[in-house]
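I've put the structures underneath this note.
Here chain A shows up in two complexes: once beside chain B, once beside chain C.
And then the complex of A and B:
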């Protein structure tokens, strides 16, 4: 019996409306990564600072000898800054292949022949990376606040510093959006995820190295806007209402971050297409 | 079928890559059923399909697919069509059933339905036993089948098949053509088969659109196009000069002629006169006719006629 005689049936069921394909892309991407042991190990490692801080909160709340460890609003900013190393590793691990691997396998023409637009494709990929990045910044940051209230047996600290909820949220989203947008843009430029990872590392470390060299030459930190990390630190400090680390005004740093995201969006608009035309 | 509304229409469509026009003021309608999009490499077939999918925005002209404007309703159109690209294409890191189900979900199928359909279409295209293998381990022929499966999973009303038999061995090619024919003639799926292989189109399609240098050379039902407007002969000759000189002599007399082997050619004689005219021209050229047999016009003749007269 020829194989095709096993039949082809018309589909009689319902279809979900357009506009939800990004959820399919995001959930599939997330499922792919959570089955990888190495990645789960990285996630576990990224939560270690949270557990250390939780112990710190417990000790300061319950042991009079450890009262000097009591949390301040600055602790939460420091926590988010410390997480930046994990943000880097998660961004490289998850993000470098998100579009590059699709380009290598010509998957873009498969995706874009389905009822989804280019923006929806990018949103799906962005959601994969941002979900994991928020898992190492926003979620532990907010949990720390909750843990503080639980261990202290009082909401006094939380009520006195209620602005910490929006501050942690805002800083986490700015950090993750910057990392995710720039990584996706780089991922769309190449077919090799390894090469993309190197490019991203170069973007972060080279801009920081350039800042350090210029800082040494000029003797001031006005030039901090050339560094991605320095810009994120400046904006973070401004949002947490703390003294700025560098002489660059915080709004200049914010402008640089917005500019980086805008350039990333432009690159993605040019590179995510169903067909590559070489004229 | 000819009275039914076309599934795809192009109205004065021009597509240009830099200064190269890939489609030049193309106006054509694709009838329901199986339509072959035929033409040599570089004729503009793939460009036309990509423009219909919305991958390429035309410089001018309008296109309609299933009565919807490509410029204004691309998502509604893509929800109802399936596209099998020419080049290798898959989602990396997936096995066949996950890949096809994923494509179904992208098209709006609920997850359980997408998985069920994935199993069904994988059996249908002949990959049932290999459906849990990673696609990257597939042979070229299997990759062609998986591309067909992902195009079918959401049950499209119209299929775009871009060179579906590329790289397949003869047995696999026959099976793929059987599948295409089955889809078009027994399962009621409209399809446009882009190919430069005439036998593929002739075997699977009822209509044909022949393209050449970015324009439509001829279009219509294959049966009607093959109707003789003269006589076709298969001819074997012996000549002291080169065969090309005799071919040129026939062509200068208004006969269409193309060599199929070293000394064998197919000659189309328009109007009346038939074999007598061929013999007369052979005498004029001092060529011996060793064999002359009336022949049935093929799609190859239609193609040669359409492309040759341009």
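And then the complex of A and C:
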């Protein structure tokens, strides 16, 4: 049996151009999750509302008795709002360990000792989470629009409501960016993915519970800006040109979302570092 | 040569030892900060409301033009903050961590090599979770009660029986949720996600449907013990009230006790029989 020399060898692969290393982290992360059966089950579950809506479109387009089920632009906004619970579960499943597990295994130093910047590392992790979140918001939202045209045999609805394409895109990206940024920031704060998951649940549900109590106390919904979910709903309605749900101006809600993303960016900037210097 | 019979410690005495060990760890951990923030939030909110109304009496909560008393506000806080959020979240967080934390820290081996029944590890940790959460949640409720109920001329004495009922209900709720999620933590690889799906997906979801499905939740029995009426804060709450058929208090208590004991026993069985593989 020949014994091969395992000494120094020059790297034989292609060099990844500078600034593209995040793609390696993203693709590796995505591959890790798509091999998990439990996660695929969760993704399948999150597509159930899409299938229900598709049946609704088919029935309204082909059965005169079911004409009252016909789609309106509001249906698409409702669909994206309904997906928020799946956005939450996918965010916790995928995002809670993205940075926390690396911190736990002291892998952050190894990552950052490679030709990889901190921004690329964060971008790679963000891309993993955002890809899956877009898979449960943007992709089914757009597919619904296509299914509508296919089942109706006409592009009239799509042409009449041409703003739906940018509206679905914008709302989906705002929802996913908010969830992904806040989850990554929380993930960078701890070594335990379970702790991170519960912190994210607290951020979403506690802010909503707080808003409901304050709404009762103040007798109005001007205070809706305290709730992450309420802010996303408010901005979603503004983008879909629907009447606003709460008394908070939509730009205040948008400001809160931008603020949350900015704070998350700041936390990530402080926490994702190769070496911690203890004074 | 004489043979000395060494008596193996029983489940209860071993559980008490584990309880003693775990309570200190649980109370003085970084997680307690989370717990403190969680139970401190309602207290802070109640304090702010009380001060705001003291300075500006016109800021009293109103429904259809009529002033709402402090008792109603307290009931609203119990429903929205404690029953729907704090109790399930604490159950998920601590219940799923009882065994999973030891696996993550690779310290479960040290507990399992002790001459005690494996189930005692879970039972002891469960009891320390219960003591830790009850000792922090109940005082928080009492402080909120004394801050909120006197608003608008409410009588602290008259409402006291409802406070006692709330405290009992929250204790039973923590015990039931903790046991259910202890089972999830002992059996499932990613217990947090399963726990969150159960607490915030399954439970609110099936409560919206008429029929028997809601009996497969803890919330169905727990909500029957709440002395205050369910608030109509959203369309979902209104739908819930429409299909709400509450079991009697006795049925709820028996069911919750049954859920607690059965899930705790199953969790103990799982710990006894399951082989935990530690990641290298």
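One rule holds in what follows: the second predicted complex is superposed on the first by the 268 of 279 C-alpha atoms of A that agree within 3 Å, B and C clash if a C-alpha of one lies under 4 Å from a C-alpha of the other, contacts with A are read in each partner's own complex, and residues count from 1 in each chain.
The rule is short, and it goes like this: contacts are C-beta pairs under 8 Å (C-beta built on N, C-alpha and C of every residue); 3 or more make two chains touch, one makes a residue touch a chain.
Quick caveat: nothing in here was measured; it's all calculated off a predicted structure.
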{"item": "First, second, both or neither for A:50, with chain B first and chain C second", "value": "neither"}
{"item": "Partner chain in contact with A:115 - chain B first, chain C second, else both or neither", "value": "first"}
{"item": "First (chain B), second (chain C), both or neither touched by A:151", "value": "neither"}
{"item": "Contacts of A:21 with chain B and chain C, given as first, second, both or neither", "value": "first"}
{"item": "Contacts of A:92 with chain B and chain C, given as first, second, both or neither", "value": "second"}
{"item": "Chain B versus chain C as contact partner of A:13, first or second or both or neither", "value": "first"}
{"item": "Comparing the two partners chain B and chain C, which touches a greater set of residues in chain A", "value": "B"}
{"item": "Chain C-contacting residues of chain A that also contact chain B", "value": "none"}
{"item": "Complex contacts: residues of chain B adjacent to chain A", "value": "17-18, 20, 50, 53-56, 74-76, 78-79, 81-83, 85, 87-93, 102-103, 105-110, 113, 117, 120-121, 123-126, 128, 150, 152, 154-155, 175, 178-179, 182-183, 187-188"}
{"item": "Touching residues (chain side chain A, partner chain C) in the complex", "value": "38, 42, 85, 88-89, 92-93, 96, 192-195, 197-199, 201-202, 205-206, 209-210, 212-219"}
{"item": "Of all residues in chain C, those that touch chain A in their complex", "value": "31, 34, 38, 41, 45, 49, 59, 61-63, 68, 73, 76-77, 80-81, 84-85, 89, 92-93, 96-97, 100-101, 104, 189-193, 196-197, 200-201, 231, 233-234"}
{"item": "For the chain A and chain B complex, residues of the former touching the latter", "value": "2-4, 6-11, 13-18, 20-21, 24-25, 28, 32, 97, 101-102, 104-107, 109-117, 273-275, 277, 279"}
